[in-house]
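Scrolling down, you'll hit the structures one after another.
Next, two complexes with subunit A in common: one pairs it with subunit B, the other with subunit C.
Here is the complex of A and B:
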């Protein structure tokens, strides 16, 4: 159940040790790279590089496949839909009424699918190797207001708890003869009131208790709070950042100033 | 209240045969449980956290389905029946009232169950009225259930299950969070239901409640039943209870300590203790 919410896998790899801010920047830079590249082979190379990093982050196969399932569906959809909406180019491979399927369009579809694959999987590197706590800490360090960061951390923290609560509520109502999947749309949405209302009430009660617990631990007593574990860039972090910067800047330079198509 | 002896001779209403259950995460919660409960019994299922008692109870109305073994409810196999069908026989009251209350008034809350399982309007109303009367919450009928105090909220949840006129009532930790007075009040209501012939299955770890109310104890530990006996027998074996992380009520422990002075070891309530003690004092005179 938690696997759905939190992809983070405990391990001690260079990616786990890397400053989360560097990881966020690196992922953003690699995303930009995915937009810059237009050739299928270079995008495939990028995808391979991303999977290499995922492998190095010791992402377990089960979790990776689980995460990929959603992306793959999307990629397949792009490959199918692209040629249908893009009739340009020759040779024409098939005609079906007003729909024309051309070979270049299929390649463009595949290229876009791979690009989307890159854009999605690159974030997995961050999610697999960074705990939610570190992620929020990095965002706060990068200028996010602490209370927003805390709110984000708490919401992430309570997602698994909440899905358990909802399961329990569903069970409680089923024990009272409620059949959630029965009846038409109207009846079904009415059925869900019996689940939604207790869910909201439980959420509010939890929030209320939590806010008291935070206050009783002097939350917000001072504007400038201190941190036990402060993020500090190490030399290895600068090296990693430099490598990723080069990976993006060099192709960008080649594309924009030397007219190379990559 | 002095516990009554286990009713025997009644028809078996719940029958579990070598039931096994493993959760998705791989936790083996039930490792082969066999349990027969007769109509009219007042059974306490006790055990530490994670001993499998809630998992066991959820087998009884189909919220969880066994990974192995058989479940028979009211003489019919449970497997082909839906939770809604089983809920006509086995009413299950969840621990947290906030997980089930949602209606704008107590009345509508109690009506929800009988309407779900298809009773006609007037029938549902009669059943709801009866259930509210049994739990003594008739005067709260127009109140929004969520604004009531915990004791009353719990009574509403019990009434809302009773309104489906089940033959068995399963209560998961009904006294959690209640003060002594609320707890006594609630348990008196449940005792009354049992007296009227309802089979009651009480999941709890409050040994005082067990000693004073149930007449049969099923002790669970690590997914197995380690003891199944009448209440007197269960509290005689303090060592086994301790192994199952259970502590008998203080009055029983005191009676054990004083057994050398002629106090019976199977004292379960203060009233019984006073009776035993007065016998002892009377005898020594």
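Here is the complex of A and C:
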């Protein structure tokens, strides 16, 4: 796990131009939809839709694989472990002591795995197509206090910096003979303290300098801060919001009021 | 009239005798940096073991460190947001909402309990135990009810999480001890 992956890709697709607030809402709504649906085929349809959006966001193959790498292992584990702990259902396929493998349990495991896949990949649409600046500004516009927004912006800004710092401190300590990749759990974590301590010292120094920089730029002089560029909803944003709302409301209506199982 | 009053209210913040409504620049910088540090350390120390044993990381030590050294507010914000950001960066974004709640609660509880009586040894140990318990319970029920992974997967995570808390708590308490002893770092209440 060396190097640092920046999730955002610069591009000019309709997802990149969309108002970040709409994107946040859309991702939330699609997550709710994934919880509402309980049928395998409708969940697969949703997964296809999410992948279509990822494709339209011009996510490179490497990044899509990165988003999927962890999820796939997770999904496989669910499919394997679900039938072992769920003995309900009639067509029993195999019995091993107290463990019963049943056909409906296997299908439930597969359905749950697909839902997890939907929930895991849908967030990467937002991450791949929204810059950090837009994300923080959208959250502030949606009601986050701007001082917390600033703290969030600072932390996103310093993440890659600290990753690099940690890497170089690791290298420096390795050059002195520290072994980070050998030994058991306890030994490894004990050795890691030699990396953590200098990192924290350097980070706290950075925090001190940063607070001076903030003060020198009159942070907090006025309670209402202004922005150079403001977010404005365009007509296309309203259309996209309406489409996503329809995508969620129609199945919800069908499930709760018409009794259709989707 | 109303606009004039509003204008007055806005400029009041300039008056240093009145306490400002927002977090001080020192705290904003500290929270931002600690959040980034939590995420970066979780990311850098992420070590997958053999495929069945799962993985471990030292993110918990940073959560405990922020909570014990800088208070429950720092613990909750930096622990929750930083760990959630690391989850997204590590490709396990599905855990991010649960992590936000679980690690946030961990930081909050260990910050409140761990700093009682001036944060002595026993308070720190109790805080770590209580905060760790919160995290483990939150992850278990989050996985069981929200992500709906099934009982097997949720149970398999519990021993891994206990190990993380024990290791992270030990390292976090050690770091807090050293930082407090050095007295070079200004610690906001």
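As a convention for this text, the second predicted complex is superposed on the first by the 249 of 262 C-alpha atoms of A that agree within 3 Å, B and C clash if a C-alpha of one lies under 4 Å from a C-alpha of the other, contacts with A are read in each partner's own complex, and residues count from 1 in each chain.
Here is the rule we use: contacts are C-beta pairs under 8 Å (C-beta built on N, C-alpha and C of every residue); 3 or more make two chains touch, one makes a residue touch a chain.
Quick caveat, the model's predicted, so the values are computed rather than measured.
When the two structures are aligned on the shared chain, A:81 is found in touch with subunit C, with no touch to subunit B.
Between subunit B and subunit C, it is C that contacts the larger number of residues in subunit A.
In the superposition on chain A, contact of A:168 is made with subunit B only, not with subunit C.
By the touch criterion defined above, A:198 reaches subunit B but does not reach subunit C.
Of the two partner chains, neither subunit B nor subunit C is touched by A:32.
Once the two complexes are overlaid on the shared chain, A:177 sits against subunit B while remaining clear of subunit C. In the superposition on chain A, no contact is made by A:249 with either subunit B or subunit C.
Using the contact criterion defined above for the overlaid structures, shared-chain residue A:52 touches neither subunit B nor subunit C, since it reaches no partner. Taken together, the two structures place residues 1, 165, 193, 196-197 of subunit A in contact with subunit B in one case and with subunit C in the other. Residues of subunit A that touch subunit C in their complex: 1, 4-5, 7, 66-71, 73-74, 77-78, 81-82, 84-86, 109, 112, 115-116, 119-120, 123-124, 127, 145-148, 150-159, 161-163, 165-167, 170, 185-186, 188-189, 192-193, 196-197, 199-200, 203-204, 206-208, 210-211, 214-215, 219-224.
For subunit A in complex with subunit B, the residues that touch the partner chain are 1, 165, 168-169, 171-179, 193-194, 196-198, 201-202, 205.
Contact residues of subunit C toward subunit A in the complex are 9-11, 13-14, 20-26, 28-37, 39-41, 43-47, 51, 56, 58, 61, 65, 77, 81-82, 85, 88-94, 96, 147-153, 156, 163, 167, 171, 174-175, 178-179, 185-186.
Within the complex formed with subunit A, the subunit B residues making contact are 24-25, 58, 61, 63, 82-84, 87-88, 91-92, 94, 96, 98-102, 112-114, 116-117, 146, 160-161, 164.
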